[in-house]
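I've put the structures underneath this note.
In the two assemblies presented below, subunit A is common to both, partnered first by subunit B and then by subunit C.
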Partner chain A sequence: MSIARANRLTPYFFMAPAVVIMAIALLYPLGYMVWGSFKDWDPSQSIGEAEFVGLKNYVTLWNDPNFWESASVTLRFAFFVVSFEMVLGVGLALLLDRNIRGMSVLRTMFILPMMIAPVVVGLMWRYMYHPTVGTFNRTLDSLGIPGVDWLGQHALTSVIIADIWQWTPFIFILALAALQSLPRSALEAARIDGATAWQQIWYIKLPLMMPVLIVTGLLRLIDAFKVLEVILVMTEGGPGLSTEILALRISRTATEFRELGVAAALSNYLLLMLLAFTLGMFGFTRWQEARAAKIRTADEEDA
Partner chain B sequence: MSQAYEKQNPAFYALLAALVFMSVGPVLLMFTNSFKLDVDITSGTSGLLFFPTIQNYETALCDILWYEPKHLEFCSLKFGGAFINSLIIALISTFLTLVIGCMAAYGLVRFRFMGRDTVSLTTLMVRMVPPAVLLVPVFGLWNNEFCLDRDGLVGGAIRDTFGGRGDVCLAGTHAGIILVYVAMNLPFVIWILQSFIIQVPRSLEEAARVDGAGPFQVFFKVVLPLIKPGLAAAAIFTFRIAWNEYLLASALSDRNTRTVPILIVNNMSEFNVEWGVIMATGMLLAIPPIIFTLFASRQIITGMTAGAVKG
Partner chain C sequence: MPTIHLDHLIKRYGDVEVLHGIELEMADHEFTVLVGPSGCGKSTTLRMVAGLEDVSDGEIYVDGKPVSHLEPKDRDLAMVFQDYALYPHMNVAQNISFALRLARRPKAEVDAKVKEVAATVGLTEFLHRKPGALSGGQRQRVAMARALAKDSSIFLFDEPLSNLDAKLRGQMRAELAVMSQRVQKNMIYVTHDQIEAMTLADRIVVMHGGYIQQQGTPEELFKHPVNKFVAGFVGSPPMNFLHGDIEERDGATFVHGDGFALKLEGAKAEAARTHTHRNTILGVRPSDLRFDPEAPSETALTLDVMVSEYVGAQSVLLCKCGSEDVMVELNSETPVAMGQTLKFAVNPNGVHLFDSENETAI
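Entry: the complex of A and B
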């Protein structure tokens, strides 16, 4: 009898530590943040001492042009990063999907940039972008071309390039895995029917890879909103606000301006934005699946 | 097909070489620069013509070297201590995340606790939360709420033994940082591990059960050895995040618990960057992940694809 009860309780034993830790260190802090965003909160106060100000922090942010600038930088960064990386990564995967020797060595080389600390990535690129001693300007100089003000005038582009360097391999690896798990029969049938390489890619490979590509793009999009250390080390958000993404702005509001309430409200805006994106993507894929299913049934009825 | 393949060969391999150069080049550049004196880095004598020196590494590691480097007046960069902090935090949080995550994943799969979709959705939701969003609440909570009160029994005892302002908070301790990392990584680890646990045949467990093993014995003696590849992948990913993370660590640590990324960022924001030394510290921070990549790239790729491709 007691053994039966012990067995019934086992799942709870197995789950308990994870649930407790996530409740303490993820859910509770998130709730705490929502509560704190309604308060005029200073780092020296505890949240109980802070004055309740209602939606003031949200309104302040809404009317703050710097917030909108930051949001626009974040969106531009995420958009360019994800689209370039998707095109490059999937393109490379289609190109390199061959049986060549040393493919595993190649993949090892490609995942290296992802594994290195973002702080170090920022460090390397800051050196390479350096106006006088940096690799790029020195190369341009030796070719007789005037140097480019990488982290000044073109800061956002430079930051985007660095991120593309670091994260294109992620898309590449996932797209390659998707390609190699495609049903061989479909490809062979297409080949026998005389489809050209382009037709195979366009009508067979890409549509079949689509589910994985959507998930990959979504994951990358989510991560693009998290990029902070690389930009912090390379430009510290500057010059001006040109590379100050929202994550960086949150950290500056909290540590430099010492306005925890505003920073919390900012965090909530960022979370809402991410939530909207994720749900939008989910909704879009659902809608597409439903449409595809409808077309399929319509075809079957016609036949 | 095979003819076209033959024709493309030289260009194809040139492209491969260019790609490898692009992805590894910056790392190699940092590696060579870390062995150069600042004079050599800034003077423009680029290329491989320089006299390699380990002076930068001596400067970086001066607080744990057994001898005093000749070129240093005193040791200002406490890299060694930060390195040890990083190691402690990364190793302990990896270990805890794996143990707890493994148990949870097993509970989820074998006892049909919740649907697989719920877990995937939760994982995605938690993955969505940027560390920057956790910064404010974690800073507030760890400094003000998660404290042992000075009037309480344990807090009072700690104050009597160690002195200090009385209430002992999670902020500034290794445990505080570890707690955040474990919580941040758990969903991902659970997600990866459950995709491995599902593949363990149930009959094996039942056989062990018939032989008289309890649920915990089944878990540790039968299931764990079978999901080693998944564990390796999860371990590498957790370690990577805990080892590389900067933002939360910088908010939660004090002078004694600083990790390496904080040290690097602090030194980068100074006006006059000492490129040689900073690249040496960067290289030291990058070495563990590089070693993992070289020796366990298969597990890393498994871990990356397990989430998205098998979904």
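Entry: the complex of A and C
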């Protein structure tokens, strides 16, 4: 083997372990899931014994109103939690990006919710939402206001509030880190150029934070689609299907309904949805870059 | 185009006072350069004028009106930063027009202004580029154009050339000099580079340790430094300093040190004779020493040549006078070689004396 050839192969050699791990830990289970989704598969069977049914599982789901209800709950949940968390997290970061006494303690306290195990968060909120002995209704009661049926009539809203409480800090710390790495002098230049505090935020800070915010939002979005424990502990998807997000439905399809093939198909739908979002996001950035590049080349031709 | 008056300006960070009562008057259309080594307080002074730093004590008057309570945007000034401080997400045109757009000027006016200013600094071809796609010199021009577009009456420069390489710096310095002639605004320029200060300034303010050491025209500072710090800071290569004692012999006044005894003339002799103590520091600029083998020893220094640095038409000799170092600037044609002991006549107008204790000029 010539030295040139060896040199050319070296990078592949170094990448090989990572590829192997990826294949075992990611591609194999994924393939397994896709394969399973084409089968009428009961937990008592091995995958080889299960009958191949083609796209039947997908079609069944497509025609199942409960699936669509679940998908809609998931989308609403994801949309509201990510929107509120982004606004609150970034707002808090803009507010707390200053050096005053006790700020570091305050910041640490803000990120505490994120460190609590999801099951504990679920339990905590379930007790707080309890119709008679919960903190919220007792407080309302003492103020003479009638109690709210938190986990009944307003279950989805209540679940959304709990998620916002837990995950706003995540966006807060990332936004704060982005803010603190902004070029100081550009902000000073903006002050001299006549920008008010709001204009600085709107025209300088937010646009410069945007790359970080996009990634943060995307991470939260993916997470929100997959959230399980908190809702499981708080409502178990109820009442009715009002808080049954897809992840919960997948878990119930597999364990309660014992339909592994349908659960796999459901997982694939969720995966495809997330993939579409992610690709859409990347496509948008690509498109923006391409547009900028086009303007640049146009300039050079003019010049 | 206002007058600016800094009235006993003080800056403290916590308990540490970094500016100790800066007094400064800047007239209309004046190009004032604040110069000094790192940490002398020059940038802090500028940033206080800009409104980016709070004033701890004292006041800044613009046309007689106190401004230290005003936000930067209300002070009618433009500033060029050391790291350019461009808005990375905006293209050149947007960078230049940001202030105008914030002020909600009509679009036609903004476009016209951007075109005009971009042409002034030679950026017309790059208006749609983002700063990331520009070279250092071009970014510097964008920063300059942005300041120009504002039409403010006060221009502030915070070491605007120090991020450029030597050649570009020289070129931009020349362009700046031309621009300052043309726009006729009140400019305050901060630099640690005394060559920039000398070439650009109508008036130089030398700062050190949070105090103003001296202010005046470049020529005043070069010829009549008030203390040893200013004498050593202004001029390149820097002034030579030799320790000596003032002595009187045969009715004449001498400075006598290790390896030299220089006769003082005229007013210098008079000042030295009446000075309170005898210890002194003699200052002579490298350019005030002239190679002259025939010079009488009472008007010359006898130097051992250690190294000769050839810089083209001129050479700089590093010499020893007794145990002290002396630099001499002379024509490269002069026949000198290393290791020689030679005589250099001292220009009688180039003799400076400083008190050895408080280092002020005698």
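Everything that follows uses one rule, which is that the second predicted complex is superposed on the first by the 265 of 303 C-alpha atoms of A that agree within 3 Å, B and C clash if a C-alpha of one lies under 4 Å from a C-alpha of the other, contacts with A are read in each partner's own complex, and residues count from 1 in each chain.
One rule holds for everything that comes next: a contact is a pair of C-beta atoms (placed from the backbone, for glycine too) under 8 Å apart; a residue touches a chain by one contact, two chains touch by 3 or more.
No experiment lies behind these values; they were computed from the predicted model shown.
Of the two partners subunit B and subunit C, more residues of subunit A are touched by B.
When the two structures are aligned on the shared chain, A:R98 is found in touch with subunit B, with no touch to subunit C.
By the document's definition of touching, of the two partners only subunit B reaches A:V233; subunit C does not. Contact with subunit C, but none with subunit B, is seen for A:A292 once the two complexes are overlaid on the shared chain. Using the contact criterion defined above for the overlaid structures, shared-chain residue A:P43 touches subunit B, although it does not reach subunit C.
Of the two partner chains, subunit B is the only one that A:P118 touches; subunit C does not reach it.
On subunit A, the surface patch touched by subunit B in one complex and by subunit C in the other comprises residues 191. In the complex of the two chains, the subunit A residues touching subunit B come out as 7, 10-15, 17-19, 21-22, 24-26, 28-30, 32-33, 36, 41, 43, 46-47, 92, 95-96, 98, 104, 106-113, 115-120, 122-128, 132-133, 135, 138, 165, 169-170, 173-174, 177-178, 181, 191, 197, 211-212, 215-216, 219, 222, 225-226, 228-229, 232-233, 236, 246-248, 250-251, 254-255, 260, 263-264, 267, 270-271, 274-275, 278. Residues 1, 4-5, 15-16, 19-20, 22-24, 26-27, 29-30, 33, 41-42, 44, 46, 100-101, 103-104, 106-108, 110-111, 113, 124-141, 143-145, 179-180, 182-184, 186-187, 190, 215, 219, 240, 243-244, 246-247, 251, 261, 264-265, 268-269, 275, 278-279, 282, 285-286, 289-290, 292-294, 297-298, 300-301, 304-305, 307-309, 311 of subunit B are the ones that touch subunit A when the two sit in their complex.
Residue ranges of subunit C in contact with subunit A, taken from their complex: 50-52, 71-73, 77-79, 81-89, 98-99, 102-103, 125-130, 133, 146, 150. For subunit A in complex with subunit C, the touching residues are 183, 185-186, 188-196, 199, 203-204, 207-208, 210, 292, 295-296, 298-299, 302-303.
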